[in-house]
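A, B, C and D are the chain letters, set down in written order, and residue numbers restart from 1 in every chain.
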Amino acid sequence: MSPLPTFDPGFSTEELTDLYSPESTVTALLAFEASLALALADAGLAPRAEAEATAEACGSGVEDPLAILASTWETGTPILALRDDIGGGEWFHYGATTQDAVDTAQMIQARSALSILDAHLVGIVTRLRDLTNEHRHQPQMGRTFLQDARPTTFGFRTASWLDAVAGHVVELRHQQSLLPVQLGGPVGTGDAYGDKGSEVVDALATRLGLRAPDISWHSDRSGVLALAQGVERMTRTLARIGNDIALLASSSIAEVKVRSGGSSSMPEKQNPLDAIRAVAAATACGGATAMVTTAPTAQLDRGIGGWHVEWLALPLVFQTAGAAAEAMESCLDSMEVDTARMGAGLEAATSDNPQIDAVLAACEEILGQQPHSPR
Amino acid sequence: MSPLPTFDPGFSTEELTDLYSPESTVTALLAFEASLALALADAGLAPRAEAEATAEACGSGVEDPLAILASTWETGTPILALRDDIGGGEWFHYGATTQDAVDTAQMIQARSALSILDAHLVGIVTRLRDLTNEHRHQPQMGRTFLQDARPTTFGFRTASWLDAVAGHVVELRHQQSLLPVQLGGPVGTGDAYGDKGSEVVDALATRLGLRAPDISWHSDRSGVLALAQGVERMTRTLARIGNDIALLASSSIAEVKVRSGGSSSMPEKQNPLDAIRAVAAATACGGATAMVTTAPTAQLDRGIGGWHVEWLALPLVFQTAGAAAEAMESCLDSMEVDTARMGAGLEAATSDNPQIDAVLAACEEILGQQPHSPR
Amino acid sequence: MSPLPTFDPGFSTEELTDLYSPESTVTALLAFEASLALALADAGLAPRAEAEATAEACGSGVEDPLAILASTWETGTPILALRDDIGGGEWFHYGATTQDAVDTAQMIQARSALSILDAHLVGIVTRLRDLTNEHRHQPQMGRTFLQDARPTTFGFRTASWLDAVAGHVVELRHQQSLLPVQLGGPVGTGDAYGDKGSEVVDALATRLGLRAPDISWHSDRSGVLALAQGVERMTRTLARIGNDIALLASSSIAEVKVRSGGSSSMPEKQNPLDAIRAVAAATACGGATAMVTTAPTAQLDRGIGGWHVEWLALPLVFQTAGAAAEAMESCLDSMEVDTARMGAGLEAATSDNPQIDAVLAACEEILGQQPHSPR
Amino acid sequence: MSPLPTFDPGFSTEELTDLYSPESTVTALLAFEASLALALADAGLAPRAEAEATAEACGSGVEDPLAILASTWETGTPILALRDDIGGGEWFHYGATTQDAVDTAQMIQARSALSILDAHLVGIVTRLRDLTNEHRHQPQMGRTFLQDARPTTFGFRTASWLDAVAGHVVELRHQQSLLPVQLGGPVGTGDAYGDKGSEVVDALATRLGLRAPDISWHSDRSGVLALAQGVERMTRTLARIGNDIALLASSSIAEVKVRSGGSSSMPEKQNPLDAIRAVAAATACGGATAMVTTAPTAQLDRGIGGWHVEWLALPLVFQTAGAAAEAMESCLDSMEVDTARMGAGLEAATSDNPQIDAVLAACEEILGQQPHSPR
């Protein structure tokens, strides 16, 4: 079985590695197939009992999920091997095409991935809120182009970080609410369902807790791109904060301290390990996103390779993003502020900065909301 | 004066070239400065008469706008040269930093650029709606992986295109509504305005018709990235449609004809010129977007170069996007459908596809909305 | 243990998955450490017997290689855990820093990866040569912008493909000959070795069969970028050939046939599975390359994250490139040419095209060379 | 006429702006056409006198070069308008296709652009050599992950920079020697020249001082990619050096001073203007390179848009690279080293570092070579 390449643990998290295991992936494919059978019954196309039998067969899982997935590159689809394994009868995959199953499975996994990211981001938001409250009057030199400029406060700085991260939480929750099912059959038209196509799509979406799109999107990957790019932007913010913390923790500034890794040659050295990981993982996320933004656009009703690269890219986008977020949580958890050194030579800020209040208010709104729960 | 490189006219449009001329850029900078002075009066920080004198000075324009802009790389900012030229008194640029003026000017120009794009996209949406209505029962072979699959209709195909383009219209109108002013002064805190910071920002935003952000965003470029990536995604859809049209117009398929350019060696050849331009311009837009998505993240309160690249990138994102959209309008305008050849050997579709109706309904909503008008 | 994400087998090959297993990676790290100890003896810095004892300890391997690698993100380096496991005495990792070991290990693995790619490429070159010889007079319509243009021959087409692939073979063999060791110690200066620094580096390079660089390259990743981009360009050529084959195999042209995958809904359909895989893997390779080309440049003597992303990126570059090459071999192996259909209505080419001869001659030179053998 | 977008002067240099003016571009196209006519005579295909008349006509230039170029997007090629303007008779563009002229013109301009870059890089190499000689024993703290590590010398640091830049000089001179002519006619086979195809290509290459390729490369853009990526890598090194200088010039370290731009709000501030410009321009160069590395691969004998984007991308790659190099020269010119502060608390390095000598020796070789001179 093929492991992630060298030094991998840093570029994913345990939860996300599990989410994209062969087991979980086949489970997501089967969730599509089971819900499709039941949706056919909902729309009156399949007898209820038969549909339930199909769904039950899907619920039993498969013995060798990796073999199912590996068959894709032998036969062109994992569905034939899946059907061989599951059985499932006449209503298994009825009227559907491989891409319907695979795209919907990706959306099911993306929903969970977004929930995992959300939990990390809420952790980051909470820490940044607390730092902002604690340090809103703590003077610090403001630095532009790395030159001392005018005084700011450390709380203003953390509020700036908080504002950016909170914006990503809102954006990614929005992305989560947009995740669509895919169901169009061989050329997207849903012909097998006659005039019941919309009903089947709606029923499928309801059963899976995803959105019913107006039309199938086999060749339109705009939504996938928007999703990946939304995640990518979030990681860039984390990379920026990580880099800022590395600067503030640098020997020359040394206003904060964070959990540090050692060095093989200088054991006492304070290397900002989590910041490094956040930057590295965010960079990887950018490359994974580039896989989808630079993929060949689909030709007519299904594309040559430009869609298939998402099978690697989307899991990688989420895993690297999770790594960056996990690292940032750890980094902030461990942060100690040297308030004396930070404020040296500066007067304490006397007035409250209203921008900080605006950011904190928006933050509370986010923390009060219930995010979509993963299934 | 430096022209766009070789063969340029294809990578912009007249309107967008004008929008990003030195004249228009300096005008946008002065719009910021004028509105700032008046906003200071609105907030009670500046005497109304003096503020109006400043605004009036800004309204008179400058003699050599390119020289103003070129001074940036000599002195580090265009504002010193601008102030020398304009005068404007005590309240000119009061409490502001260069990035406040430049970022706000970019947002002013972006608003206009989005309106220009919107007009092109509405043109494309209208043509696609008409094609969809006309050809919804016109049979056509569906093709996946370039292999004949099952029959579809040409109207279903154009509805798929329409759905994607309409989604971008909605997204870019949303992006337009989010464009913020920038005002934070040297380190973003707005210290010069005491406890009136939020009032000044609000007044500035109201005067310019932009959004008032919770906190200054000198180092947080997430919004700029989202904007550029939203435009990039739109161009990718146009590239896809252009490529599809080139395929349908290919000698081997030849189901549609479009305006064609000749060849220096084969004058009679039917090269799908507009599709080519759309693909080329969309690719360029992706590269221009990469300038901002791969830029170094800002260090602390202002970054080293990662912000400055936006001065080239954002205009280029919009100009290339405009070129792609203009080309696609022209391409669709000229499209002739060979219905006999397209439907040969296929039965006419008898039933209405409800997906098409859903897309058309969403399309009408978009066409009925009044987009933001540019100023 | 973390598997590659979903649907993985298509994005690597068995050999490359093995090459980048935790076992192989730790073996490469230990090859560095063993050779360093011996090089210290070569340069007269370490007693020969002690150095050999260190080398022997390194040769025995470790029990849990993944745990060694995973410790990186806990302690900041895999070397501490490695030393704990191996022992190795005073001369283990003497004067070196973590990056020396990791970078050299990457180069050791890259050499093997390039040899694996070379074998695939030689396979492709051989098939293309044979196709060129067989079909050099086989007429085919030339198609520009997908429009019929003037006749060409199928052998000219395969010679064009061959020329491009052969160029990559030459380039990647050159890249292989440039792979350097890394050895500079904490800040790159090699201070621990006194005036013997160059001797140690030379001895290390000789022992490992790598190049001795003029100066350590901890912060200069130009060579890594050149390597990744050279591989990326090769995959783009494979993607182009794959796309061309998909076009020639399309239902509308149908001049060639290739091994095809089925469809979950249309079992008889001829989907060009290998071409699809080649395009998808090449796209992934481009994204993996973007991880290093867009990584933050290193700050001073070692960078924050921009180096670390190579730990994921380089393996991914090679694995996806191997997948593309394996797919292309399979695709060409299975290709059948419908000469009657291809030549229909065209006259046979009567004269020999000298460009074909030039390409074939260059090809024979490549096939006659002995590539670097992996160790 | 369309100017480069806002704030442009920083993203090009005067020389490079001139090189890519419409005038220079049409001149390059005409150089191709003139040399082709003469090459036809060289190969015995055209009467010498007629060929010379064609060449003479090409030498006279055109009145409105921008109009010639703009016609491309109306008629699909600039050659028809060029022929209308120039006349040139039977042998003008004989047997050639538009892409032959445009690609060769790009290579002619690329050769000049590389010479312009070479001059800047030689300037940088010279300055770095001098700094290395001057400061090879000047102690400085080595900093890894922005943490103080072990002492190095400033001369070792500049030698590291020098090594990287010198490598790019060698690489780009190599790239310059590879620049090929393009000549294949409508489908690349050079059919119009019968069995004289190779002779015409050779004669054309000799006359233009470019390389004669084995086979036409209309659809194989590997060489263009390698060229752009070679330039991109060079700019990344300049961005790294720029960023390092900004760090060393930061208020917290302040070991060097460079020419600085002011601030609109803090006139006394020392913003490292040239470093900022180098980083911004290098980032732009990366985006321009992405235009070609992510362009759709060509379909069969000529591609849909993927080639055309080079018309914008290549000029932009070179212009932004020139800007980065010009900025770096200026930055190094202005650099003052605060040796007391830099060496504070550190002992002077007593021994010579042999790595420095190796780098200096390689540097002298480069400075002693005569680069290709532009024409």
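By definition in this document, a residue touches a chain if its C-beta (ideal position, glycine included) is under 8 Å from a C-beta of that chain, and two chains touch if they have at least 3 such contacts.
Please read these numbers as outputs of a predicted model, since none were measured by experiment.
K.L.:
Which chain has its C-alpha centroid at the greatest distance from the C-alpha centroid of subunit B?
P.N.:
Using the mean of the C-alpha atoms as each chain's centre, the farthest one from subunit B is C.
K.L.:
Could you let me know which interface, A-D or A-B, is made of more C-beta pairs in contact?
P.N.:
Output for the comparison: A-B.
K.L.:
When the centre of a chain is set as the mean of its C-alpha atoms, what distance in Å lies between subunit A and subunit D?
P.N.:
39
K.L.:
What whole-Å value do you get for the distance between subunit A and subunit B if each is reduced to the mean of its CA atoms?
P.N.:
One centre to the other, that is 27 Å.
K.L.:
Among the residues of subunit D, which ones contact at least 2 other chains?
P.N.:
Within subunit D, residues 143-146, 149-150, 185-186, 239, 243, 246-247, 263, 266, 271-272, 276, 286, 290, 294, 296-297, 304 contact more than one other chain.
K.L.:
For the complex, which residues does subunit C have touching subunit A?
P.N.:
So the residues of subunit C in touch with subunit A come to 1-12, 17, 20-22, 25, 66, 69-70, 72-80, 83, 93, 95-98, 101, 109, 185-186, 239, 242-243, 246, 260-266, 271-273, 275-284, 286-291, 294-296, 304-306, 308-309, 311-316, 319-320.
K.L.:
Spell out the residues on subunit D that touch subunit A in their complex, using ranges where they run on.
P.N.:
Touching subunit A: residues 141, 143-150, 246-247, 249-253, 263, 266, 269-272, 276, 290, 294, 296-297 of subunit D.
K.L.:
Can you check the complex and tell me which residues of subunit B touch subunit A?
P.N.:
Subunit B reaches subunit A through residues 142-146, 149-153, 156-157, 159-160, 163-164, 167-168, 171, 185-191, 194-195, 197-198, 214-220, 222-223, 225-226, 229-230, 232-233, 236-237, 239-240, 243-244, 247-248, 286, 293-294, 297-304, 351-356, 358-359, 362.
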